[in-house]
Each structure stands twice: as structure tokens, then as C-alpha cells.
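Note that the chains take the letters A, B, C, D, E, F, G and H in the order they are written out, and that residue 1 is the start of every chain.
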Amino acid sequence: MNNASPMVSIVMGSTSDLDVMKKAADLLEQMQIPFEIKVISAHRTPELLHEYTANLSERGIKVIIAGAGGAAHLPGVIAGQTTLPVIGVPVKASISIDGWDSILSILQMPPGVPVATVGLDAARNAAILAVQILALYDEDINKRLQEYKAGQKDKVYNAAQTLEKLDYKYMVK
Amino acid sequence: MNNASPMVSIVMGSTSDLDVMKKAADLLEQMQIPFEIKVISAHRTPELLHEYTANLSERGIKVIIAGAGGAAHLPGVIAGQTTLPVIGVPVKASISIDGWDSILSILQMPPGVPVATVGLDAARNAAILAVQILALYDEDINKRLQEYKAGQKDKVYNAAQTLEKLDYKYMVK
Amino acid sequence: MNNASPMVSIVMGSTSDLDVMKKAADLLEQMQIPFEIKVISAHRTPELLHEYTANLSERGIKVIIAGAGGAAHLPGVIAGQTTLPVIGVPVKASISIDGWDSILSILQMPPGVPVATVGLDAARNAAILAVQILALYDEDINKRLQEYKAGQKDKVYNAAQTLEKLDYKYMVK
Amino acid sequence: MNNASPMVSIVMGSTSDLDVMKKAADLLEQMQIPFEIKVISAHRTPELLHEYTANLSERGIKVIIAGAGGAAHLPGVIAGQTTLPVIGVPVKASISIDGWDSILSILQMPPGVPVATVGLDAARNAAILAVQILALYDEDINKRLQEYKAGQKDKVYNAAQTLEKLDYKYMVK
Amino acid sequence: MNNASPMVSIVMGSTSDLDVMKKAADLLEQMQIPFEIKVISAHRTPELLHEYTANLSERGIKVIIAGAGGAAHLPGVIAGQTTLPVIGVPVKASISIDGWDSILSILQMPPGVPVATVGLDAARNAAILAVQILALYDEDINKRLQEYKAGQKDKVYNAAQTLEKLDYKYMVK
Amino acid sequence: MNNASPMVSIVMGSTSDLDVMKKAADLLEQMQIPFEIKVISAHRTPELLHEYTANLSERGIKVIIAGAGGAAHLPGVIAGQTTLPVIGVPVKASISIDGWDSILSILQMPPGVPVATVGLDAARNAAILAVQILALYDEDINKRLQEYKAGQKDKVYNAAQTLEKLDYKYMVK
Amino acid sequence: MNNASPMVSIVMGSTSDLDVMKKAADLLEQMQIPFEIKVISAHRTPELLHEYTANLSERGIKVIIAGAGGAAHLPGVIAGQTTLPVIGVPVKASISIDGWDSILSILQMPPGVPVATVGLDAARNAAILAVQILALYDEDINKRLQEYKAGQKDKVYNAAQTLEKLDYKYMVK
Amino acid sequence: MNNASPMVSIVMGSTSDLDVMKKAADLLEQMQIPFEIKVISAHRTPELLHEYTANLSERGIKVIIAGAGGAAHLPGVIAGQTTLPVIGVPVKASISIDGWDSILSILQMPPGVPVATVGLDAARNAAILAVQILALYDEDINKRLQEYKAGQKDKVYNAAQTLEKLDYKYMVK
């Protein structure tokens, strides 16, 4: 448990999205960003959502990561109730049509109310995007972000070792 | 202007949807169903929407027809704020992706919050569906509905006249 | 077995749709709405369908829930034979193309013959929509509907307990 | 006007499909196949359709060409009411979703009730397919069909003349 | 083994399509229609295909059923080499994109060269369509076809027994 | 001309995207955010892009808005060369497949390299998102953002006047 | 007219594809590559195609560029009749379904028979690809290719002039 | 291990694509073409990619086969950095949307920068295409290619044996 003021809010409409959305939490944990995580439904608990979005900024939250599947209204509805940047994660729900429904429901927001949409089920990328935004004004976070990015490069470099093991006569190493 | 209590509410998120949604009004007018028509945005005026949906039932409204394009949240958000049946009209907006976005955003609602979706830009059909619901308990409306349906048959029968004019040597009339 | 007059008719074209369509029956059972359930094919038993739709209204039925997969004609064909509201459930059949075929075959009905389409495999939502229509004129049903909706809210509220169990150092609770 | 017994029936649900479906009539005329052409709606005049399909075979009709747009049920519904081969023409209606709706509504028929589907708006090809079926047992029709096919080859050969006119320095003729 | 002259030819491009295409053979066997079945590739053995299509008609074949997956050229290429009706079965190959590739490659044939396309993997329906064509001029086949169709109706009627077993308090039987 | 250090960079791959991307510039101008606008191609001038992205942060730029059509690599390639947040605008190019190509090429970025994607041709929304990010740490910008949002509400409220002009007998005002 | 042996063959199935395919000829002309251009249909003139593909290699042709729309079989059928590399251009025909049909018919070739597919209507890119292949073994062609690529860079650099003309107060130049 | 200069380079963005891309290596091995295989990411190691593409031609490489999934930029980005022909393999990644994302990201390249795209996961076909290009100027490789193609024909001919085993009474052998 952490007593710091959360900087990022992770919101989903139902616990069925938790498996996907936990990847956002994992990344924020790894990057040492205080966050909170909530289940609030745009359709079943609209008043609760209203209450929740009313003072996000006052509570120190900078970025909201909202995930939803099917007719995925949650990110867009939140974006209508706050001027904080909202990152939308289209979740491929079990009732989904190959993910197209959640992608289009989040991406195609009307003029004036953008949602920063990431790829299907890409909650981890949503969290990285949140960190990139926070890093703009926080040197510590920026440092951790640069290290994270460097680590990604290393993974690619290390792949050479996997390829070394390939056994082809006509492969030139 | 009409002083009767409206039975149907037509709602859209912006006047850019009016060309499509007017077809619902036209049909209700023709069927002599008192209705009201509103522009309320789920994203830009969420409080107004909340207020509006709070007492629909008390005001005598039985059915809501809601149209929206793109990431079309309006019908679903209304469905989350009332237990009246909501008929959703996917509008092919200018920013739309061939209409898929509005169709999927309205159709694929989560468990517990259905929207009765009709075809793309099919506001007229939405109004007919509303009349079918009202006709369940109103004999006058039902009578007008039966007449309307009979009129549709006539149109098909009358098409024979168009075909008579075709001039083919091998066509058997 | 129940001797009351059924208020809702659940129709499907084949028993292969029963697994999906039973979810409509489950919800109606839970809401104490008398219903009947039939297998009638628009293509293989068109006369049976004709007979069946001829006196639905006289038998007290108010709403039809029709489910079908593939080239899903059943809901639309029924809608052409009655003026009762027809709710269409696109079923993702084993021969389906990701569900697109049943969705479009049900949704895109021609002018004058609407089908109230719900999401893919969303038979439960179809039943809720039916209940919303019945509740317009039946206070008892309306009361049960309000309780059902309240129960949905509770589920969202209870999700907080699931989140409590998450174990992150940087998560603020 | 022609008094021969028609061999092919062209059916559409509304005169709005006539522009497309006339191309089938044109081809049959050219191939000297007696045909009839009808507007009958599967949804608005189901009884008329029933009547019409009841004695097609007795009246000497061998093949039905049925065109429809949107949720295009007409070809499939006819296929359920006759054992004559039904050729379906998906029409790209004005309310269509890029033609996907009519294609899938016609193509994806359930087991036991096939529709011979041709390409979008391809009424001419539907008529050629009808002629190919008739030619199986009618030597005269077959002869005309072979001539028609030979004529198609000629068109391709004649295209060389168009290419002759191209003026490129590096083009080898 | 059968020495009668085959009336229907079933062709596929590779044995990987055999599981699907066998359903056509099963139906023809059940309907007592002599048929042959071949693996010929439009791409890998074009000369063999040319040879094969050259004398189909002379050998007494009336209808070709051709199945293919992916960029499914086989049905269309055959249709270019014969004037017999070709029924195309889009096979959902393992390399397929949800079946769209084979459907569109078979359906969207150019003017003058139609393929009678059936649903995805619907080889059984292809065979029924073939039987419907043969039945136009063969009373024996027609009789078996009528019996087959009647059997389909029975299956729907028998479904009532499945429904009898459903145990709901509010279900009216 | 402006001498302030730019806070936002608008980049596109070709001047053919300028009509869409200018809407981002218009919004930034209206919100008084210093910006720069560049044409740099990920494919045709990769070295120029490398140079450009090398010192964005040092030059004071906080957010990049990158638009591209077709196989729209520009936003993602930039995101691979900087840790600043990149907002991607899928442009519906003339060679585009209904916009699907640019949407998917921008949205579906691999793990570790997110792009904040907005709707098709939604350059204006991209700019609003950029302002929302800048407003997190700049009270002046935040104030202008709040005013902008309030103005949007007013537009919805003013729509009532358009509706007043509708002339229906059964419309309740 | 040119008497050199053609190195590239441009083939299309009908003159209706000429408007698109001429862009390939334009590029080859510009790059001074001798080419020939033919209309041959895989479906209507299969024997002609067979003849044509039989001695391509002997005639000095190195690469074939084949364009087709709808169920676009031409490139794949040619690829089955030669081992020369075949570049396929999906043409968005007037009967096309947004280009998906031609793309998938060309792209999804079976194992062993690849077609090098380029973008929709991208005949110019097909020609560039052909030049890239020819340049592998021809220093002159390679030199012209390098110049062409350099020219492309210049176009991007020159775009700066267009941007100079933009008139924004907050734009930093 | 092989010391010859590699003629083909196989590149992928991550080892998660190795299962698919190994099929290209298998084919090159079988055809005795010296090749190299690399993991380089367009997004995570852009500098490495730049270095790698800088001297491909000098090192004797003639063709690049690049595979990627999701927003698959690797083939296109390489094509922007070399004038060697680049063959793109759309990989159906686990985060993919049925493969559409990788197909469109690779296929729809802008004017001037073509990628020779093959089918989804079709790395083997990519390698055959590479061999077809190499065979244009290398008689040994061409000989092996002709043998490979002949072997493919044999597989189709041998399929007859599988069909012999089918046991149908009405099947004519």
C-alpha cells in the first residue's frame, strides 16, 4: 500500500477487463509511478463515474488510462468529463467482434473530445504513454523512462544469441 | 406546436445528425405521435444529459430514439441512465469509417444495458419500431400502424405498373 | 410448466442456436415473465412460420425475440409478418464469418420493417430489452426491472473488493 | 410482349433494384430466353411471395434470379419455398454498408437451402449463369451461349487495337 | 466403384481441402448421383486443368463443384474454360484471413464468367445446388430432392422434443 | 512569424496531408501554443527524420503530432526515435482503403513504443490532446483549455435554436 | 516504337484497367526500360494466356507486372505458368468491394506460387519494384534508379517552401 | 556455418516472428542459397537498422525478406533505406487484428517505395519469390527452381492416390 498521491488512474468497466488492464499496473509499478485502479461502469454506474471524474485533477492525477471492450464507451465518456488526457485501451472482450468494436468505439471520438487510443489489449503501452507524458516535467521519471527504453534495445541485441543457435548449412553467420 | 405530453424523445448529439434524424420526426408526425426532439451531447454536455434522462418516464415519454455517428456513445449512455427502451440509430457521419464505427459503438452494448439498434441512417425505421412498441397498448396507434403497413404492401403491388413499361421482346407479361 | 398466457416468444431456426438463446429464457425466468420458446425455420418450414406469426397478438404475445446465425433471415422475416416489435439476436454460428453475416443480415432491414438488433450472441440483452418494453405498461414488471438494474450497480460496487486484493507497492488504495 | 412460357423469373424486392436487375433482363433478351420480371417483397408482401413461388415449376420456370440489397433476404426466402435453383444478386443499395450486408445475407445460407450467389450488382452474370443451366438440356440455347462466349474472346483480342495507340518510346510493339 | 458416367465433378486444388469438399461427395452419394472427385491445381498444374476441362461436357458431366481457399482461383479459372455451370465453395484455409479471401476471390468474377458461389465451407450446400440443377430435367433425381427437403422440415419439427426438455417455471408449453 | 520556442511539432510525410494536418495548426494557433510544422518522410528522407528527432526535447518541444496515410509509418517511426509523446493522425489518403490502412498502421504499435492515436483525419482532436498534455503543467494553457471546453458546451446549447425552427404539428416544444 | 527486346511485360485483363496500369508504363518509359503491354484475360482467353506465358523468358522478359480488379486471378494464374517474378497490382474496379477483393485475390496465393503484391492501384510502385529487380544486375539501370530515388528526396525537401507560405502567428519558422 | 557471401537477408523485428520467418530460411537452405538472418527492430533499434541497411548491396545481398506483425513497419522502413527489392511478410502476431494490421501496414506503401508483399505468414513464399529473382541471372539457381516447381506438380499428381482411398458407391473412378 502506498500513501503518495496517485499520478495515474487506471479505470475499467468490469473486472473482466482486469487481466488486460493489470499490464498497465505492472508497468507503472516497475516505473515507480503511484497509481490507483478502479472499476467504474459508464453504463451501470454513471453517477459514480461522474463523482469520480469531478475532482481527479484536484487529487493530483495527471493521466487516466481507461480500458473497455465491445461498445467501449468508458474512455470517451471520461474524456467528456475531464480535461486531463485520457488514454484508451480497446479490450478484446469475449463478446467482441475481433476487437473492431472496441477499437472504433474508442478511436472515432467526435470533435473536441479526443481519446489517446493505443492498440488492442495494449494496456502496457498505455502505461508507457502515460509515463512519457509524466516524464515531460519530472526528471526522475524521465531518467527511469530512458533506462527502460535502453533495456528494450538490449533485448533486440540479445536476440542475436537466439539466432546463433539456428542450424542451417547455407546460413552465413 | 403541440401541448400534448410527448411519447417519444428524439435525441442527437449534434445538429449535423439532424438530416438523418428528421426522418424519425417525419414518420412520427405522419403517425400522429407526439414527440420532442433534442440536441444533447454525451461528451460535451454530460450534465445536461443526466438532467434530461432523470425524469423522462415521469414526463410520459415511453421510448427514446437516439442517433449518433463515429464513436456513437449517445444511445448507450442514455440506456445506462434510464430503463425506458432506447432505439439507437447509427449515423454515417462525415468522419465515419463507412458506418462501421457507429454501428459497432451502438450495437455491442455490455450485458444489462441493451440498445435496440436499427440499420445505418435508418431513423425512419427507428420511428416505426417506436410506434410498434406504443401500439402494444394503444388501439388508436395500432390502427394507424396497420394502415401504414397495408400502404407498404400497396407500394409493392403498384410496382407492377413500372414493370409493365419495360419493353423486351422475350419478356412474358 | 406454466399455464399463463406467454408475453414473450423466443424463436430460433435450429436447436444449434439454443445455447445462445437459452440466455434469453434464463433472464425472463428470473424476471418472472411468462414466455414460450420455439424452433421454426424461415427457410425450411416457411408455412409453419406463417401459421405461427398469424395469431401472435391474439395469443397475448407482446414481443418476439428471434435469434439466427449466418444469413440470419428469421428475425426479419418474422418482422414482415407481424407488427409486434421483433428483437433480433445475431448468433455467431459455426459457419459464421466472425459474426458479421448474422449482424448485417438482421440489422440492415429495408424501410418499413425494422428489427431491434442487439449485440452478437446477446440473447440476455434481448430479453432485458423485452422486459423494458413490457415494463412500460406493467408496474410489477417495472418494479422487478428496477431491482435488476440496482443489482447491476451493486456488482460494479463490489468489484472494489477484487481490486483490494491486488498487491502493488505503488498502488494507492 | 411474348406468349411463350417463361423459363427464367427475375424477382426483386423493390423498383429501386430495377436499374441493377435490368441487366439480367438485357442478357436474357439478347440470348432469346423467355423470362418474366416481378417486384415482390419478402418482408412487405410475404403472402404474395408464397403464392408466387407455389407454382413456379408448373409454369415452366427453371431458374429464379433474385436480387436484393441491405439485409437481402429475398433470394434465401425464395430458396426456402422452391427446389428450383435460385441465383442471388447482392445489390449495393443506397442504405448498404459497401455491399457487405447484401453479400453476406445472400451467401451465408444455412445447410440445405443454398443460393447460387454472384458478385455485387452482377445481375448480368446471374443471367449468364441461368443460361448456362438452361443450356445443359437445350441445344439451341447452348449454341447461342457458345457464340456469346466466343464474342467475349473477340473483345479481348480487339483490345490490342487500343494498346496500339499508346505512344511510348520504350514500348515494344 | 461405379461405372456410370459421372454427372457432377468435384474438384479441389489440394488434398488439404478434402475434409470440407467430402461433404459434397457425401450428399451426392446420399442422393445417388454419380460423381467424380479430383485434385487439380489451377496454379501448380495448369496444363492438367486445361486437359481436364476440355471434354467435361462430352463425358456427360453437367455441373462442376470447385472448392479452394486463400486466393481461391480454381472455380473461376474452370469457369473460364467451360460453359458448364461452376459452383464455387470458398474454403476457410489455414492461411486464410477469416475466409474473406476465398469468398471474394470466388464471388467477384468479372463480367461474362460467373461462378455460383455458396457459403464458407458450404460444400454440402454446393452439392444440393448441383442436385437442384440436375433435378430440372430428371424426374428421379427430383423425387429424391423433394424427399430430402421434406426430411429437413421433419428435423425442424422434431426440435420441439428438445425444447420439451427445457425446465423453466415461466415457460409456457 | 514567431520567435518563441515551439512546444508542439506537427510532422507529415508529404504536402498531400497538409489539408488535414492544417486543422491541428489552426487549433494550436487558436489556443496560442507556439508550434512548428514540417514535411519529413519516414521512407524517402529517413536521415532527415533521424536528424530532426535527435534534439526535439532539447529544443523545448513537448509533444509531436504526426499524420500519415496508407501504410502510415511516420508516427510510429518517430515514436521509436524519441521518448516524447507522439500523437498519430491516420489520414485517409487517396490511395487509402477506406482509412483502415492508416488507422491500423498507427494504432497497432509493438510493445514499448506506443503512439497516441486519434480518429481518422482528426488532426484537430490531435491538437486538443496535445493541449491537454501541455495544460497539465501550464496554468495559462489550462485556462484557455477550460474556456475552449466551455465554448463547446455552448454550441450544444445553442443547437436548441436550430430545433425551434422545425415545423411539426406533433412536435412538443 | 522500339525494337529492343522488352525486359518487362505489363499485362491486364481488360482495357478498363488501362488507366491504372498506364502508370507502370509511364515509370518504365521514364526509366528507359523497354517493355511491352498486353490485354489478356485469364478467364476469357486462357489459351492466349498460356501461349503468351510459354516463352516469356526466351524472349528476354525478366519481370511481369499484372494488374486486375475484382476476383483478380490474372497475376496468380500467370505466376502458375512461369517462374519469372510476377508483380501483382490490385486494381479497384468499378465492381470492386472497396478494393478488398482484388487485394486478397492477389495477395493470398497458395504455397509455392507467390505474387509480389503492391498497394491498391499502385501500378507505378509495381514498375519501381520491377526496376529494383532489374537494377540488381544492370549498372545503367541501377544508376537511373539511384537518381530517381534522389529526386524523391528532393521533393520532400522542397515541401519546406510550401510550408513557408503558411500564415500563422504562433507558428515558429 | 557457411562462409559464402549471403545473397538473401532475412530480417525480423523480434524473435516472436522467428517461427514464421524460419520457413523462409528452410526454403533457402533447401535451394542452397546462402543467406543471413537478423533480428533488428525499426522502432527499438533504428540506428542499428540504419547501419545494417547502409552496405547491404556492397556485401553482395540481392534481396531482403522482412517480416513483421501488428503495425508492421520493418519492411517499409528498410525499403526506404535501400534500393534492393524488399519482400514483406505480414506476420499474424498475437496482438494482431486477424492479420489485417500487418497486411495493410506492409502493402499500402507510399509512391516511390514499394514492398513486394506476400500472403499472411507466407515466409516460404517470400523465399521462393527471392529465389525467382536470383534465378533471373544465375543458371544454377534457375535449374534448382525448375526442379522445385516440377516437384510441386508431382505433389498434385500424387494426390490422386489419396482420392483412390475414398469409398463411395456413386463415385466414378
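By our rule, a contact is a pair of C-beta atoms (placed from the backbone, for glycine too) under 8 Å apart; a residue touches a chain by one contact, two chains touch by 3 or more.
This structure is a prediction, so every number in the text was calculated from the model and none was measured.
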item	value
Touching chain D and also chain F, the following chains	B, G
Result of counting contacting C-beta pairs for B-C and F-G, higher pair	B-C
Chain centre separation in whole Å, for chain H relative to chain B (CA means)	51
Centroid spacing, where centroids are CA-atom means, of chain B and chain D in whole angstrom	34
Cα-centroid distance, chain C relative to chain F, in whole angstrom	42
Contacts with two or more other chains, residues of chain F listed in rising order	13-14, 41, 44, 70-71, 95, 97-98, 100, 103, 107-109, 111-113, 119-120, 122, 149, 152
All chain pairs that touch each other	A-B, A-C, A-F, A-H, B-C, B-D, B-F, C-D, C-E, D-E, D-G, E-G, E-H, F-G, F-H, G-H
Complex interface listing, chain H residues touching chain E	98-100, 103, 119-122, 149, 152-153, 155-157, 159-160, 162-163, 166, 168-173
Footprint of chain C on chain B - complex, ascending	62, 83-85, 87, 103, 107-109, 111-120, 122, 124-126, 128-129, 132-133, 135-137, 142, 145-146, 148-149, 152
For the chain G and chain D complex, residues of the former touching the latter	1-6, 13-15, 18, 22, 25, 28-29, 32-41, 44-45, 48, 70-71, 95, 97-98
Contacting residues of chain C [partner chain D, same complex]	13-14, 41-44, 46, 50, 69-73, 76-77, 79-81, 95-97, 100-101, 104-113
